[in-house]
Structures are given as C-alpha cells and as structure tokens.
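As written, the chain order gives the labels A, B, C, D, E and F, with residue 1 at the start of each chain.
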C-alpha cells in the first residue's frame, strides 16, 4: 500500500493544490522516492499516473524513473538518482526554452498569449532581461482567469502588459507580430493540447497571418498518442463556470482543446526550434526511453 | 432647455439603466414627445443622439420623427403620432423577424448564439412555439455575462440550452448546424457591429463551414456609414473586466467588434431574408427617409 | 374537381415523364388553361404546385397567371393570354441567357459543367455558333447520368467534349478556365440549388481559383425563401443508386444540394450578368408580382 | 469626316499623351463639342470610343451626351450643355469620393496603395487636410513606375510616404490597416479592373486580413459587362518592360488585371460607401441612361 | 526465361484478377519463390515490377527479397525465407494498423470513407469488435463501385453503414467527425496516392474542418519518389466509365489522384500514428533497405 | 592579421563583386586556405562570416573546415583537403539537385520562377537536356532584375521562356503547373529565405492550388535558427530602387523575404525530395557537424 507521502501527493495533484506541469512532475517524483521496493514502485507509478488525465510530463517522469531503476541492482540509490535526474531535466529544459525562445522575441513587437504557461513567461522574462522592448496582450482564460497570473507576473517583471477578455483576441490580433502559447501535451501527429481557447486563437492567427508559436518541453510528448490513443480532454465541474445556473441550463466545461499541427508555425523546445511535424522524430531521437 | 423627462431619459440611457436597442429607442421617443416646439425638438434630438455612441435604432427613430413632424402644420399631434408610429415599427419588425427566422430553425438541429439579442431569442422562442426540436449553445459573453440572460430566457421557454465560456466555441462549433447572432448596427458595406466576440465566432464558423446568420432590424442600419463614417466602437471601463488589476497592467475593454459581410451567410430582417450585401439597397428602398 | 388534362399533367410531372424546368412549367400552364372558372383555377394551382418540391419556375408561372387573371373581367381570354405570355417569357429568357452567356466563353478555354442544364448547353452551343473554339468537361452526375445527355448534346453540336466520373473533377479542375452550371432554384440570400455535386464543384473551383458561373433564369427565384422557408431538397428512392443493396446498408439519395452565394462569381440571367447577391433586388425590380 | 480637333483628341488619347480617366473623358467630350450635326456626333462617338480599350468613364460620357442630345431640338446648344454637364459630374464625383473616403482614413493608421489613382490621392490628401496623421506605402507599379507619381504627390502634400518595389508588398502587408486602390473599370458582377498587380495585392490583403477598399466613380461602371462582354485587358508593348530582350525571350505586358468582388471589402463612390456587389443596382438607380 | 508460375502471376496482376495491394504483393512473392538462380531472380523482379504502375507494396517486397537474398550464400533457402518474411510483414502491418487505428474511432462518431481499403475496413471492424458504436458513410467510388465491397463488408460486420454517390459527400461532410481512407502509395513529400476522388474528399474535409486520416502501411512508401520520380497515375479504359459513348465524346478515366500532405491530419501506420510529413524519415528509420 | 587574399575575398563578397551562394562559398574557402596557423584560421572564419548576413552556405563551409581541421595534427594539409572537399560537396549537391529535380518537370507543363537561382536553372536545363518540352515564366525580380539573367540563360539553352514584371504573376499563375524557386537559407522550422517576392508568389500559388517547389542544397540550412536566431533580412540601399527619390519619400529595400513551410509542397535537395518539415531532421542525419 502506498504510504502517506504518496497519498498526499496524489490528492494534492488531483485537487489542484499543486498546479503547473513542472510542479506536478516534481511532487510526483518526490513522492515516488518513498517507494520501499520494486513492487511498491510499480504501484505508486500506477496510482500517481491516474491523478489527472492530461499530465504527460509527470507520467513520462514516472516512466523514466521506473525504466531506469529496473535496470539497476541497487534499488534505493538508483531511485533517488533517477528521480532527481528527471527533475533536473525538467528544470534545465525550461531554461533552454527560455534562452532559445527569447531570441524569437523581436524588438518593438507585440505578442499575444493565452492562459498561463511557465515556458511562455520564462521566454518573455528572459527576453526582457536582454533589454528587448515589446508589449504583451494576455487573454484572461475563463473560467479560472489564469491569464491574471500571467499578467501579474509579466507586469511585475517590467514588461508592458495588456489584459483582455477572451472574446477580444479577434479585435487585437491584426496588431500582433507573434502569438506564443504553452502546452499541456504534444501528440504524435504534432498537435498541441492546451487550455481551452488555444485552438480558436490559432485559427484567428492563421486568418490574420500572424506567426503562431508554442513553447513546450518535448518531455510533454505523450507517447501513447503514437499508439492511437487520443489525449483525454478533462471536462471539469460546471460550477467553475456558473456558480448557480438556472434549472435546465446545462453548463459544459472542457478544460483543454487541441490545436492542429498545421496551425502551428514553430515549437520552441529544449532541443531547439522545430516544426510541430518534427516533434515525433525528435522525441524518438532524444528520449528513446519514452517508447517501450 | 430640455426638461426633466428628457434629462432622465438621457442619463438612464447613458448609464445603462435602460438596456436593449428597442427599449432605448422607446425611452428616447417617449421623452421626445415632451418637446414643446420645433426648436426644442431639434435640441432634444441632438442631446439624446449623443447618449450612447452605437445606437442607430434610436437615432433613426429621432431622425424619423423629426423628418416627418417638420412636414406637418400641427406640431403637437404629429409629434405624438410619428413617435408612436416608430415605436410600433420597432415592435412589428421584431415580430416579423421572429416569424421569418423561426422558419430557418431546422428540426433536430444545434444552434450557437453569443451574448443576448432580443431578435435572436424571439426567433428561437417562436420556433419552439411551433414545436420544433433543437438545442442551443450560448456563449457567456464576458465581461458582462449577457449570455446568462439568454440562457435563462431560452431554458425557461423549454428550449434545450447549453452554456459555455467564450473560449469553448471552437470546441463545439463542428457540432453546430447554425450560428445566429443579433446586431447593434448594420453598415453600408454590409458589415455587422455586435458584441465583442461575434467576429471571432464568424471566423470560426467559416472555418468549420457552419452557416452564419444575423437576426436584425433593417432599422438598425446606420446611414452615416454610407457617408464614410466608421461606426464608433465604445471602449468601456476596465473595471468591468478586472475589478482591481495589478499596477502596470492595462485592461482594454472594447464592447463591440465588426463582422465583415463576407463571413455572413444571411440576415433575417423585417423585410425578409437577405444577403448582407443587400442591406444598403433594401434600406434605400424601404426607408428612404433615412438618407437625407 | 380537376379534369383529366390536369390529372395527367400532375402525374406526368410527379413521375418524371416530363423533365426539365421549362418543359414542366409549360406542361403545367397548358393544363391550367383548362380551368373553367376562378375557383377551379385556384384548385389547379394548388394541385400542380405540389407535384414536385423543387420547381419554382413552374410555381412562379402558376402564381403569375393567377395574379394577372384575377385582375381581369374576362376570365377565359385572360387565362390563355397570361399563360401563353409566361411560356413566352420562359423561352425568351433562355434565348437571352444563351446570347449573354456566350460572350463569357473565351476562345481556347476549357469549361467544366455538371449534370444537364438547358441554360448551360444553350450558352455553349450559341458560343460554338459564333465560331468560338473551346473544350468542355462534363461530370456524369450519378445516379441518373444526366451528364450523358449533356455530353451527347454538345458533341453532336461539334463541341470538343470530355466525359468524366464525378470524382475526377478534382483531377481536371486546375486545367479549367471556367465552371458553368445551371440551377433548379435561386434563393433570397443568393444561394443556388442544383443537382447534387454542384456545391462540391464550387468548393473545388474556389480552391483552384477557377471562375464559377451559374446560368439561370431569374424566374427560378423562389420567393418563399425570402419569407424564411428553406428550399426543400428532394430525397429520391435508394434503388436509383443501388438496385439491390445488401441488408443493413442504408442508401441515401438526395437529389440536390445548395451552393452558397460566396462560392459563385457570377450569374447569367435574362436580365444580364449579376452577382448572386443581386438576385433578390433584381427580382424585386423585374418581377414585382413574385412577391405578394 | 471628323475634324482636326477630334483627330488630335483621338491620337492623343491613343498615344497616352493624355493620361488619367478623367482627363481622357474631358478631352473626348471637348472634342465631341465640335460635332456639326447629329450624324457627325455619331461618327465621333464611334471613333473616340475606340481610342483605348479600357476607358468606360469616357465611353459613358460619349453615351450620356449622345443619349441626351438626341432628345433635344436644339442640337448645338444641347451638345455643349450635356458635354459640360458630364465633365462637371466627373469633377464633383471625385470631390465626393475625396470627402467620403477621407472619413475612412483612421488616425495613426498605415495604408498601402498601388500605382497612381486620382481618386485615391484625393482621398488621402483630403484626410491630411483634416489633420489626420497616417503613413502610406506606395508600390512602384512596374513597368511604368506610376507609383512614383503617387509618392511624389503625397509627399509634397506633407503625407508620410514610403516607396517599395512591387514584390515587397508581402513583407509590409501585415503592418497595414487598409489597402486603398483606384479602378479603371467596374463590372456587372462587382469586379474591379485596375493596374496589373492589384489582384495580387487583394489576395495578399485577404490572406493577412487587412481591409481592402477601392475608390472609384460609379461612372466607371462598364454597362457592356452586364451584357456578357468581358472587360478587355490591354496588352502593351514588350519594350516598356525590357528595352532589348535577348532572342527567344517573349516579354508579356498586360496592363491591367481583374480583382474579384469577394476580395473587396468596400467601394467609395460618389454615391457613398458600397459593397462591390451593390455596384450594379446602384448604377441602375443613379445612372439609368447607362443601360439602353 | 520466367516460368509458368511467374507468367500467370504477372498476367493475373496485370488483368486485375488479383486485387488489393496485399494480395498482389503475396502473389508476386509466391511467384518469385520459383526462381532457380540469382539471374532468374533479377529477371522475375523486373518482370513483375512492371505488371502494374502503382504497386509499391509489391515492388518493395521484390526489392526486399532481392536485397536480402543477394547477401546469402544459400540461394534457395534464403529466397523462401525472405519472401515469407515479407509476406508476414505485410500481414502484421495490417494487424498493427487495425489495432492502433481502432483507438482513433470515437464512440458515437460518424466516419466517411471512399472506395475500398483493407486497412480502413480492418480499423473499423476492430473498433466494432471493441464494442464501439459508430456509423460509416461510404462513397461508391465510380466507375468500379468498390464502395459496394466496403459497404457490404462493414454492414455484415454489424456496423451501421450508409451508402452514397460520390457527389453527395459534400452534403454529409459537415455531420462527420472523421474521414478515413487508405492509400495505394506514399511519397517522399508526404502525399498520398489513392483512388480517384480522395483528393476532393480531402479538400472538402478541410473546408468543413473535419479530421482527415489515412490508414496505410509504411511499406507502401515508394522510394523512387525520393529520387524525383512522380508516382505514375494509371489511366484506365474508357469503357469502364461508359460502355458505348457517343462519337466525339472523349472519356477520361484516371484511376488515382494525389492528396497533398497538408490536407492530411494523420497517418495510421504499422509503426504508429504519424504526421504525413514524417513518412519519409520514419521509413528511413524502419526500412533502411528501401533506399539503395 | 588577415592577409591580402582574405581582405580581397572579404571585400569582393561584401561589395557584391562575387555573387551566387556557391561562388561566394568557393571564394571564401579558397581564401581560407591562406591561413598560416590555427589562430589565424579562427580569425579568418570570423571575418569572412561577417561579410554578408544571409550566406549560410559559406558559413557552413567555414564551420565545416574549421571543425575538421581542428581534429588533425597536420594543419596545412588538412586545411586544403577539407576546403576542397566542401567545395566539391557544393558542386555535387547542385548536380544531384539538377538530376532529381529534372524528373519533376512534366512534359508540356508550364513553370514559373522568380529571380535567379543556379539550382533552379540547373534543374530546368537538365530537364531540357532530357528532351522534355516545357515553358517557363520568369518574374523580373526588381530592383536588380536578376530575372533577366535567368531568362537569358534559359532561352539560350533552348527553353521556351517568357518574361514578366513581378506584378503579373497573379495574371499567369492559373496557367502554371509548377512554381520552382531557389533559396538563400533554410530554417529550423522549414521556412525558406529567398529573394523578396518569393513569399507573395507562394501565397498566390497556394490560392490557385499550383504546386510550389524549392530547389536548394541542404547545405544552406542555417543551424543558428535552431537556437532561436531569426535569419537576418538584409535591407539594401534605397538607390537600387529609386536613384533620386523626391524629398520626404522613404524608400524601403529589403532584399529577401521568408516563405513559410506550409506554403511549400516539396524541396529538392542533394539528398532527394523532401517535405520542408523534414529539412531539420535530414540535416541532423546527413550533416551532424553543422550542430555543435
């Protein structure tokens, strides 16, 4: 049976006490370290993997550690070693993305983003640190207003920040030079799963011929999509959208949507700038352990 | 000087105490009836016309009454007569639109709408009254959530109603058979000015090859657009969007956007179904008084 | 009660013994002449109007005669007069279309058409009579292969004619200079109802940036579409498509589809070349009797 | 036989000594005044009409004068009267377009234009006269570099002017708020014939979702297009493009191209702002004499 | 000289007695086994390769066996071994595709397919075996009506099946959730060669924003396309289309068309789900013997 | 300090005395051979790399030689060896492209090209050498008219050649079967940097559904784009465009533009035909030394 540490990690992830793909991956791997033996390791991997449906960064981490540990004699030491190594991989991936992506931010440009993505804010803050001048438009991302986190973070870093409702992106898109969003998952055919509203933004950017980029770790590639599985789209509770809707009104609340590869101009990853159509082959090349 | 009745109408319209194009037009014309003489009539027309920037239905009413009264000897009687006549025109226009539009609602179809429009809800309720079965998806229309008014009104009329955040329209659009929205103003080249988010919806409907219709009185045609004036887009107070935004975050809050004619498949008007490219010539034909 | 002449016309139209919009209109009007009095006239109009769902040319003829006869004292003479007049209008409309349309056929060009349309073959034959050199590609128009009638008619008129399956239009479209099709009905928003496959052809022509024209009498405008009615699309018997389909295979056989106005570059009518968005206003202008 | 005045006008127009649609129309009408009698009038109309293929403004003027003179008893006086009246119509049409179009120029906007059009430069100069601030990008319009005339005219009027090669329009289009071009002829289906390169610009503006407007007199509508005639596209001498091309290189030099109605958002005319799909019905309404 | 077995295989393939890429490949390899020595092997490979122009699965098989056999001392044994191995590869590729593709079939969805493809029917039947509920629309695929084979096969497997003429795909496409077709050949730039009508279907699916997938073995990649050769498109006999066409009517009968990579959302292969742009690199990776 | 040879190469490249990517690469490598020791080698690499901003073929050559020489003991011999080897790689890459690309030229087809590219003219001349019949349309490529070099070269090779102004490409594009252009640089996401006007041509080809191919050495891939750097676009002197522009007219003269990967159907490289989305992975595979 999984111990208290694991149970807490599981429920904290499930109940959104821990948010952000990297934080979730770290929490899961820290909990995984508590495994006593190989059998328990497998149980914990199974349990934590099921905490939230759209968390490939975490699931890849659990898979990575399990894969590597199973090849070592010394269970306990190797467990810590590989868990820490994956955590380190996550962190340095973000740093690489910030460094590479910051070069794509052109002086005196305008950039639109949606919701909150650590990869995106890292890119923008790094560009600001290099004394680039630019302006950002942030969509609020109803129902949970994560755009406010982004707006706050950017403005407090000295970046010129505008905040708009999600419906206003069409009004401002023609003034933009770049749209940059994050990702929750990358798929085998090069699609990007991200906060609901992203695919709309991609269509509108295409319509206005504005460059559309994604900043995401290749570690968010979900290898099961290669086997035909569709990335599950979580539908969350109605009350997030409308506290007390009238009778007979059905509130629908999908949390993510899928942006097709052919709407995406480039992806900034820890391995450099790519076409979305290159995600699969680059992942095969760099992370062969992902595919069993 | 304008009397108390006029002052109250002016401030109620300005401060959104009175909402909805028809209600505003009625309030303005009722106030206009208080004019004592022709000079005062002109003053009141001028004052009320300026109460809100995007209200052609009211402005056309003021114009209509002034035009007709100036051709009569008996000022007082003709004032009442023409004001009432315009109010009646507004009401019967809505009824005609409901009747005509209801025929476009196909059994077992799915329809998406945005924000709140009396013309749209009239169409849908009339279709329901004819025992048609259909399902409606309502976008909430941040920042003021007028989609909630629509959802409530439709559901209480027995219509199967779904409610979604504005960003989710891309997720559901492929299941729709029709998008139907209202209008705040119609322009000379056939564009439609409506609640922010409408033009995005039109782009997405085009992308998914879903029919996009507008239900609107021709009386909302703004004749000054024929003279080259652009319909003004009101930018409202930031606090509607974010009560207390962090320092250095600039909140932008445009209330409307412009949907181009070539994204609109048809317009349901009091004079029948039209192409948006026919709005101008039909208005010339039916309402010659609009153009001086 | 309707007499034998009317009964025969009704059943011949219903059972496709009479085909082609003009032939059907003539047959109906000839039968209408047998009406003995005004009451019978109304009954016959009602009966014949219902013979087939998508025949506005005939229905407009019945409407035209009824409207005019009701304004005359001499029932019998005026009935013959107006019936003949409408028949003449149909014939001269076709001649005008042939004359005008033939000017749009450019020397050494390639033209694609679909199914069989008298308006289209008249245009092409008239152009050939003027010694223009061009080549035609005819789609066969499954299930009833009316493309064979077209191919035969054109080839026997000395026009260079190619014949292809409906699926091959995408292969040849890039070599075309023009697509020209007929119409069964025209709608208030400028859409064209025509043999199934037409809307596909229009999409593909748009994709390849090939001009897409329609040759049709304005007399095929269906005035009820202005009142919101959707032009009904006849679904015909499965056995036309597959004589003996296997059990549990459901054969669907819609006879027409709707091509949206914005896929149509021009319409050749008896009143000249138009944008499809002009159909409604031109009809109002030229045929005021269509609208009650 | 046509006298010397007419001969000179004919050859000056033919040899491009007189340029610009308005100048050409004026020259033709001034020459027309020399007609001695009705027979000569007809001869001169015929001769001058053939001077250049794409000059509907002139041809409409000749048609207008002939039509009106033929209804008067006093030949000589009426000839002068109607010729002057048409010249006046041309001039005031340009003024109206400048006034109306200037309202479409938004403060702090960027506008691209192509070649030289008096209607366009009138609009821009009028807007400048109203103290609007904006910036213009002018395409040079090879082979004859008429863009230089435009650039010079605008810059000397104090307008911020940029000059680019025709191939650079794709590089700058995303920064534009409006494209505004003139017209040599307007057609029945709403297409615009203008200097070669215009249709490319329209495609690129559509691709980038930039508003595309045309400034043109309705008097440039060519009524024969309604009868099916295609507006002829003059192919001019190779040496304009390449003085001494190598052997076996064929230089092609079409002077105009056709921009389809559905790429045009609006047309500024002497009768106000229109959809291109409204050109035909507006012309019928305002200039009934154009159509015989 | 090739023996009787080979001659029979050659003529059976050429005359369509054997149909379906896998059956053809098997027949060719079984015949190949009859080779007496290395010289004869080369002759047979040459002969069979030429039996039909668009059969890369067979040609890759011949190439595979020849390549491997030439590296072995024991000719006869190795010939049988590698021929059987390739046949096995074909079979297990189909099984893998069925397994992976079946996961892409969503419950309660509607899927359109064209013509007959074993890969597609395997996917759909496997999905049905997993108790998924869905409905299929099959286009008949004139001239040879292979859609009937598909319809029969699916219906007899208990799948809800609809059958339509090829021209009706535009009518039903907006109701679809997925289009899934097979392939005759895959090219270096990611295009798919398949039964005529496929590229039209892809355009229409794009227009309606419906997902477009291909189910195909990577073994159908044609390596000569990498060297610049265009996949040949067989044009078959006119009488397949029209038994006795009238004089002077030219019947054109191309059997395949090319669907461009950017119209294809994903490809289900034996190596998993891919972007079409990944076909080349995945083939290099998995089948290095294809490229000399 | 760099010697005279290097100084001359540097200034000849900078001042356009040497033109064409291959000529520039050869000149730079020949100069590089004069390096006396490893320190000087580094200095020369640095100097020559900065001669012009958009020359990845040269910069890759310098990088290639430096990389390889640093691994050898014998500096002088290895310097000559690797420099010559790279020069040879450039030459044989062009030959491979000519051979492969010539197979894509279809008999009786029409091909449009822009500016001058040795890769493109090699392809076309090789196709002609194989007795293929085709016709080429060359855009002049203002401001420097390099299209004239292309036209001359093709015509003197016996190829049917047409020459047009850059604005006329929209007029002829619908008659084309293929557009083929060269490249100055290839980027990580698959974009192509080429002479200004190329991206417009790509948009227009897409609009007209005409195949758009690029002929370019993979050696022109710029590896720094993988690290996020944007390929710099040289803006050249105004006087190239307009010798003496009027006061206050600002002449803009960017030399290149960027064509997005999704507008490109295929790339002909020394390693075969590719999707542009494959450029990155193919380069990794074939030229691992490009990436440090």
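The rule is simple: a residue touches a chain if its C-beta (ideal position, glycine included) is under 8 Å from a C-beta of that chain, and two chains touch if they have at least 3 such contacts.
Everything quoted here is computed from the prediction, not taken from an experiment.
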Chains in simultaneous contact with chain C and chain F: D, E
Set of chains adjacent to chain D and to chain E: A, B, C, F
Rotation angle (°) superposing Cα atoms of chain A on chain F, nearest 5: 120
Residue-number overlap at the chain D/chain F interface, same or different (half cut): same
Between the pairs B-E and A-E, the one where more C-beta pairs touch: A-E
Separation of mean Cα positions, chain F and chain E [Å, integer]: 38
Computed distance of Cα centres, chain D from chain A, in Å: 55
Chain centre separation (chain A, chain B; CA means) in Å: 41
Multi-chain contact sites of chain E, meaning residues that touch two or more partners: 207, 262, 275, 277-278, 281
Chain pairs in mutual contact under the definition given at the outset: A-B, A-D, A-E, A-F, B-C, B-D, B-E, C-D, C-E, C-F, D-F, E-F
Interfacial residue positions of chain C with respect to chain F in the complex: 173-174, 177, 207-210
Of all residues in chain D, those that touch chain F in their complex: 139-143, 148, 151-152, 155-156, 160-172, 195-197, 199-200, 203-204, 207, 241-242, 245-254, 257
Of chain C, residues touching chain B in the complex: 187-190, 225-230, 260-262, 275-278, 280-281, 284
Chain D-facing residues of chain C, complex: 99-104, 106, 262, 265-266, 268, 272-275, 277-278, 281-282, 285
